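Both complexes shown next keep subunit A, but they swap its partner, so subunit B is in the first and subunit C is in the second.
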Partner chain A sequence: MTNHWCDLQNADVFLTCGSNNVENHPISSKWVQKALDKGATWIVVDPRYTRSAACADIYCPIRAGTDIAFYGGMFNYIVKNGLMQKEYVANYTNASYLIDPDFSFDVNTGLFSGWDEGKKAYATTTWGYQTAEVVGPDTSATGAFSWTTADGVPEFTPPSNKVAKKDPTLEDPQCVFQVFKRHYERYDLDTVCSICGMDRETLELVYKTYCATGSPEKSGTIMYALGQTQHHYGTQNTRALTLVQLLLGNVGVAGGGVNALRGEPNVQGATDLAMLVYDFPGYMKWPTVQKYPSLRTWMETETASDGYYTNKPKFFISALKEWFGENATSENDFGYDWLPKIGSNTDLSIIPTFEHMDTGLIKGYWLWGQNPAHSAPNAKFARQAMSKLDWMVCVDITETETASFWKAPDLDPAAIGTEVYLLPAALIYEKFGTVVNSGRWLQWRNKAVEPFGQCKTDLEICDLLWKEIVGLYKAEGGANPDPILNMKWDYHIDGKIDARSVAMALNGYTTADKKLLGTFGDLKADGSTSCALWIYAGFYANNDAPLDPAQQRIGGRGTEDKGGLGLYQDWAYAWPLNRRIVYNRASADTEGRPWNANRMLVAWDGEKWDTNDVPDFVASTKAGDGTVTPVPPNNKAYFMNWEQNARLMVPSLDMPLPEHYEPFESPTENILNGRQNSPCIKFAEHKSVQRGSKEDYPIAVTTYTLVEHWQSGSQTRNTPVLVEAMPAQFVEISEELAEERGIKNGDRVRVFNNRGSAVLNAFVTCRLRPLAVNGKTVHQIGIPHHWGWAGSLSTGDLVNDLAPNVGDPNCFVPEYKAFLVDIEKV
Partner chain B sequence: MQTTRRGFIKATGLAFGTSLAYGLATQSEAFALDASPDWKLVNTEECTNICCYCAGGCGSLCSVRDGELISVEGDPDHPISQGGLCAKGASMFQLRNVVDEKTRKVIPNPGRLTRPMVRRPGASDWEEISWDEAVTSIARKVKDTRDATFVEVDQGVVANRCDGMASLGGSQQNCEEDYAIVKTMRTLGIVALDNQARV
Partner chain C sequence: MTDSAILYDSSRCSACKGCQSACKCWNGLPSPLGKEAGGCTGSYQSPLELNGDTRLLISFNEKRNEKGGIEWAFARRSCMHCVNPACAAVCPSGTLHVDEASGMVAVSDEKCIGCQYCASACPFGVPHHYGPEPTVNKCTGCVDRIEQGRVPACVKTCQPGALNFGDRAEMLAIAHERVALLKSKGFDKAVVYGEDELDGLHVVSVAKYGLDAAGLPENPQVNDIVDWLGIMKPLTGIGAGAILAGLGLSFLTGVGYKRHTLHYDEVAHDVVDMDTGEVLQHIDVDIDVERKA
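This part shows the complex of A and B:
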């Protein structure tokens, strides 16, 4: 979330699209309700009439997987009806930047310029800006790159800044705004209704109501989750809603923002720490053989030409210094070569991992509290692939479907040679440490009781195994032991691994005297600072009490609400720098006057900035002698981008502007352009996918979760009170479909496609309705996916066996939310 | 007697220093309770925690007596949840302890793992093993796989990569644990590293 839970109270209009926040993020309701009490309006757009829809003012059904058509129509509506917040868009986004004259989109082929059919990829050269001038890097004492000349900083050539040509009037036909406007002219109300299965009156009401937040003093927020992201164009769905927020001036303001309601307790922390193939902790890039063969190439490729990321090597080198400690020196590029480099095989995320198990490339599998035998798309194939592993190590609190994959109803244990180790983990209140919520708040968990039985924390398990592995390499040698023997592992207090010691490593300290750092502004690229995760710097920085989390910023329990906007600046710590609302410069106009004085985050008083939140821009500069000089307002509201403006158009991998394509398995044809699926869809070529046609499987399905259960159910299906509240799985079917297929409420039905089959209880309901799509009737059904064979209190069939194992090219998210099945009475 | 939670801890003469260390010294007086002798939280110590389900980050209070968990409830001082917990959050106590249907006594949750186990190739059930044995044999398997599948140089570039292993998960753990997982897995050479962020 750019904003946070308590900030929902400041919104004028809510759009819940791609989430069911009342059910799956119940705490959101408390803050939405506070806004409703003040007169806010709430819109829910969802394939199902959800528990959120039941609480909302306006409900608009949508066919699963058509969000870009819905948002594209909204862009068109905003532009046509003059509802854009023009001063915001013209100054804080790249709307005025001129795009390459060779850029184009061909409606007949559904392709943007630069498509290479052989490589199945775009060359994005025509998607960029026209260059006005090239400005070389400023390495003078006051320049952005002055630090590069200091002793100990590895040699590299900082980038030059290609300043774009602009037209501030937004009239030039090649400016981003005009290209954008032209692109979405096809997305008229009737076309959108036909694709999404909406009625025009409701759609217009939704657009009118939400777009009223384009008025400068109004705030609108969009609450989204996996309903938005789990599509083969999920990244573009998210970009589309971001563009709505930018056009209406809703990003960076209290009550606005782009708010992903994240679903796992520390998925934010896991993302920050880059438990992702291509990422390095702190939103940097993991080294690859081809793009970053050396530290120098990494620095030259990844350092931004302008904006805050001109400092990026400081963060990266400080992280290398933490990783390898005193073994990281400027002479050995701070140990860069010891990091593993991704090679030509770049398909390494969860979906293709199973292909590599199937072919025998991957032989050993570590599972840390994740349950892919249940939750992977095409989970049946995932289980078959697992059966080819030599070994698996599962760290969990219960016996999950993954730990017991060899017990799956469709597998024969005698034929499976995999050795499986199941290690019992501690619960959250049996250990202490940091957890990060959806609003980026780092909060400290205190330990209440000792772990159950022989359970151990994941930290202790990691420590035990690591020490044993290091011992083996010390004693025996083996395949290059250098990375292992040079890695720093010094997180013990009184001889025992301790989360407080790791917290200090995450926060960062000076290498020479181990003084904790208060801000990432103090990080250096010469090895004199050590910091595992630059964005967290400051959360654990009290040098007077390093072993007492309660005396660190993360342990703060102050409940004062300075400014009355629910920022709670003294409660815990929000990364970065305790900033509660990111991009908050955009909450004020170009003169620094807040768009809405009652929701002031930052304001220029003529001489300096008044603040309720920590500024997310250069509010002042500090000279060598410590003199602080305020920086007057400018238009650099998005200084993490090299343009220092937000991007309406961007040369990303798959599309520069979100374009509608149909789900991989769709009940209809794409009527907006000549291509059915995004040309950049990932993994569709794998044999395991077994695509089904709409002729064989005419029913669209979307999967979802319930408030009483959670994910694969390995915790909640072992919790008696929750099983009592929601004892068995079901499939939601409309009354019309039920009648067509002779199904009654409570009947056992089989839902199936080429990949799998699940027998479920039929729940016949008016919460789902047939939709009129492109002139035909489309039936949608909904299935919660919490059940499996493991556990004793409540078991059921695996719904994720049905989902296709295809994904998005940017982030490889699977397409769980829209695919095809058929249904029959058992 | 009407008293506050904080006052009650003092009145019962418990180790208030512990609560101070847990950061409860600043707790508000918002939670008035009737301290009758059969109140289930008599003679308990409290510490704060954060919910283990969605990323709301709601606060919980764990009450402990004689080293055992007695109760988990919402933290009234928490600015996000203000004492509230959803159906799942309110049931977190049962992840550790449940009421036995027959005896009506509080017992450890039988669904919870209590010790390391191994499933041998071809076997149709688990075998119990000691931690020592688990750690020793896992480390051996990891080393064998790493040594057999390690790619030291790829396309003329130092790669130090292990193609034969993958690691999955991390959204359930604390950040410090996640860093330990990332650091050990990556240092082994693993590039197929992923977590729940996509599923």
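This part shows the complex of A and C:
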């Protein structure tokens, strides 16, 4: 979340789209209700009439997988009706930047300029800005790159800044705003309704209500989650809603934001710590063989030419110091060569992992709190692939479907040679340490009870593993010994592995005297600082009580609320730098006057900045002698981008502007352009996918979770009170489809496609209804995916067997949310 | 006596069942432990009825209205804590009684003799009995928590603020304000429940889609039989049970509150559920009420 849970109370309008916030994030309901009490309006756009929809003011149905059409229509509506917050867009985004004259989009082929059919990829050269001037890197004493000349900083050439040509009037036909406007002219109300399946009156009401937040003093927030992201264009769905927020001036303000709702599955912590194949902790890039063969190439590629990321090497080198400690020196590039590099031909994200097991490339599989025999798309294929493994280790709290994959109803245990180990893990309440919530708040959690039986914490298991592996390497040697034997592993207190030591490493400290650092501004690229996760710096920085989390910012329990906006500055610690609302510079105009005086985050008083939140911009400079000089307002509201402006258009990713394509398995044709699926779709060529046609499988389906259960249910399906509250698996179908197929409420039905089949209880409901899509009736059904065969209380068939194992090219997220099946009464 | 009340506002409720689960956890009430014990209810509602182990549940009632919109009514089903509780009036053993400090209908279950008069007397079908020698089980109003200055467990866990606890007059004022707001938003059937019904309830409800959708009986009445039972109270359970059966009890049945009707078989000395034929309790005629209590 750019904002945080408590900040929802400041919104004027909510748009829940791609999430079911009251069910999957119950805490949201508390703050949404507070805003409603102040007169806010709440819109829910969802394929199903959910419990969130029941609480909202406006419900709008939508066909799963058509969010870009919905948002594209909203862009068009905003521009046509003059609802954009123009001062914001003109100054704080790249709307005025001129784009390469060779940039184009061909409606007939559905392709942007630069497509290479052979490589199945875009050359993005025509997607960039026209250059006004090139400014060389400033390495003078006051320049952004002065630090690069210090002793011990590895040699590299900082990038030059290609300053873009601009037209502040936004009239130039090649400026981003005009390109954007032209691109979305096709997305008119009738076309959007035809694609998405809602009626025009409802769509207009939604657009009108939400776009009223383009008024400078109004705030609108979008709450999204996996409904938005789990598509083969999920990244673009998310970009689309971000663009709505930028056009309406809703980013950086209290009650606004781009709010990905993250919860118990710990997506926030997982992304912070880089549990994604191409990421390095702290949202940096993991080295690949091709792109970053050396530290120098990494620094030259990843360092921004302007803005705050001109400092990026400081964060990366401080992280390398934490990985390799004293063994990381300026001479050996701080151990960069010891980091394993991602090869160019091996994709190891979740979907191809099973292809590699199937072909025998992957022989062993270590799983930590993950249950892919249940949760992977095309899970049946995943289980078949697992059966070719030599060994598997599962660290979990129960015997999950993965830990017992060989017992799957469709596998023969006698034919499987995989040796499976299940290591019992401690539950969250059986260990202490750091947790991070969706609003980026880092909080310390104490242990409530001792782990049950022989269960161990993840940290203890890591420690045992590390000791064993390093011991074996020392005794017997082995492949690639350097990374292992040079790694630092000193996270022990009184001889025991301890989360407090890890917290100090994440926070960062000086390598000479081990003083904890208060801010990542103190990090250096010369090896004098060590920091595993730069974005967390400051959360655990009290040098007077390093062993007492209660005396650290992470243990903060102050309830004062400076500014009265629910920022609660002294409760826990919000990364980065305890900033509660990121991009908060954009909450005020170019003169520094808040758009809404009652929601002041930062304000320029003529001489200095008044602040309720920690400024997300250069609010002052500090000279060598310690003199602080305030920096008057300017338009650099997004200083984490080299342009220091937000991007309506991006010269990277799979599309420069979000364009509508149909789900991989869709009940209809794409009527907005000549290409059915995104050209950059990943893994569609795999045989295992077994794509189904709309003729064979005419029913559109979406999958989801319920408030009563959690994910693959390994915890909740073994908790009696929760099983009692939602005891059995079901599929929700409309009364119309039920009538057509002769299905009654409570009947057993089979839902199937080429990949799998699941027998479920039918819930016949008026909360789902057929949609009129491109002139035809489309039936849409919904299935919660919590159930599987494992567990002692409530079991069921695996719905993820049905989902296609195709994904998004940026983050490889599978398309769980929209595919095709058929349904019959058993 | 403090006149307090629980306020349930269905227009804030997200039907997350946090209250249903918190009630079970705080009161140590069991849930089924058998594999696939629950079965499919055909609804988000589970269990479908209050039972000996479930004192509170969230009910779901959906329909498409004439305008094509969907009305998904959530309601909270539990003891209403009547100001003049019929259950306490008929209870021969003092098990059910009004808690002076809060006005809630509290339960001293160690006193229960299992006569089940309360189950038949309650206009909402709330009391249920369980155990090898069935004793009464119903919402206690969390008087144990209230005594310690805490709110009831269900109220404590509610995230959207659909549940509230405080002075009854204050809860009623909030409810009326809410209904006025809902009506201004076009929810014509929105209504306050619990102000005057049965001389007032200590659970005040805002029914967003009206009483029918919430399963709340309009104008609930205590059957005259309660007066009879009141007179009979000093007598043994057997005698009163016989009267119950003899008068052929038939109280109103609401959409939501499904009550069970009991029959006392004078020959076998069994208390029988007339809907299921199940023998709920066998009464040993040799043990008098006083000794059993």
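The rule is simple: the second predicted complex is superposed on the first by the 822 of 826 C-alpha atoms of A that agree within 3 Å, B and C clash if a C-alpha of one lies under 4 Å from a C-alpha of the other, contacts with A are read in each partner's own complex, and residues count from 1 in each chain.
Rule of thumb we're sticking to: contacts are C-beta pairs under 8 Å (C-beta built on N, C-alpha and C of every residue); 3 or more make two chains touch, one makes a residue touch a chain.
The model shown is predicted, which means the values in this text are computed figures rather than measured ones.
*Asks:* Go through the superposed model and pick first if A:S792 touches only subunit B, second if only subunit C, both, or neither.
*Replies:* Touch status of A:S792: both partners.
*Asks:* Is A:F381 touching the first partner subunit B, the second partner subunit C, both, or neither of them?
*Replies:* neither
*Asks:* With both structures superposed, pick whichever of subunit B and subunit C touches the larger number of subunit A residues.
*Replies:* Looking at subunit B versus subunit C, the one contacting more residues of subunit A is B.
*Asks:* Looking at A:Y59 after the superposition, I want to know if it touches subunit B, subunit C, both of them or none. Which is it: first, second, both, neither?
*Replies:* second
*Asks:* Which holds for A:W298: it touches subunit B only (first), subunit C only (second), both, or neither?
*Replies:* Neither partner.
*Asks:* Which holds for A:I27: it touches subunit B only (first), subunit C only (second), both, or neither?
*Replies:* So A:I27 meets both subunit B and subunit C here.
*Asks:* With the two complexes superposed on chain A, say which partner A:E708 touches: subunit B (first), subunit C (second), both, or neither.
*Replies:* It touches subunit B and subunit C both.
*Asks:* In the superposed arrangement, which partner chain does A:A505 touch: subunit B (first), subunit C (second), both, or neither?
*Replies:* The answer is first: A:A505 touches subunit B but not subunit C.
*Asks:* Have a look at where A:F763 lands relative to subunit B and subunit C in the superposition and call it first, second, both or neither.
*Replies:* second
*Asks:* Give one of first, second, both or neither to describe whether A:F145 is in contact with subunit B, with subunit C, with both, or with none.
*Replies:* Neither partner.
*Asks:* Can you give me the overlap between the subunit B contact set and the subunit C contact set on subunit A?
*Replies:* In subunit A, positions 26-27, 30, 707-708, 720-722, 725, 792-793 sit in both the subunit B and subunit C interfaces.
*Asks:* Could you please specify the touching residues of subunit A with respect to subunit C in the complex?
*Replies:* 22-23, 26-27, 29-30, 32-33, 49, 51-55, 57, 59, 707-708, 720-728, 730, 745-746, 761, 763, 765-767, 792-795
*Asks:* Within their complex, state which residues of subunit C touch subunit A.
*Replies:* 11-18, 20-21, 24-25, 30-44, 46-47, 54, 62-64, 69-70, 72, 74, 159-161, 185
*Asks:* Please output the residues of subunit B touching subunit A within their complex, sorted ascending.
*Replies:* Touching subunit A: residues 20-28, 47-60, 62, 64, 67-69, 72, 77, 79-82, 84, 86-88, 91-92, 94-96, 98-99, 108-124, 126, 131, 134-143, 145-152, 154-155, 157-199 of subunit B.
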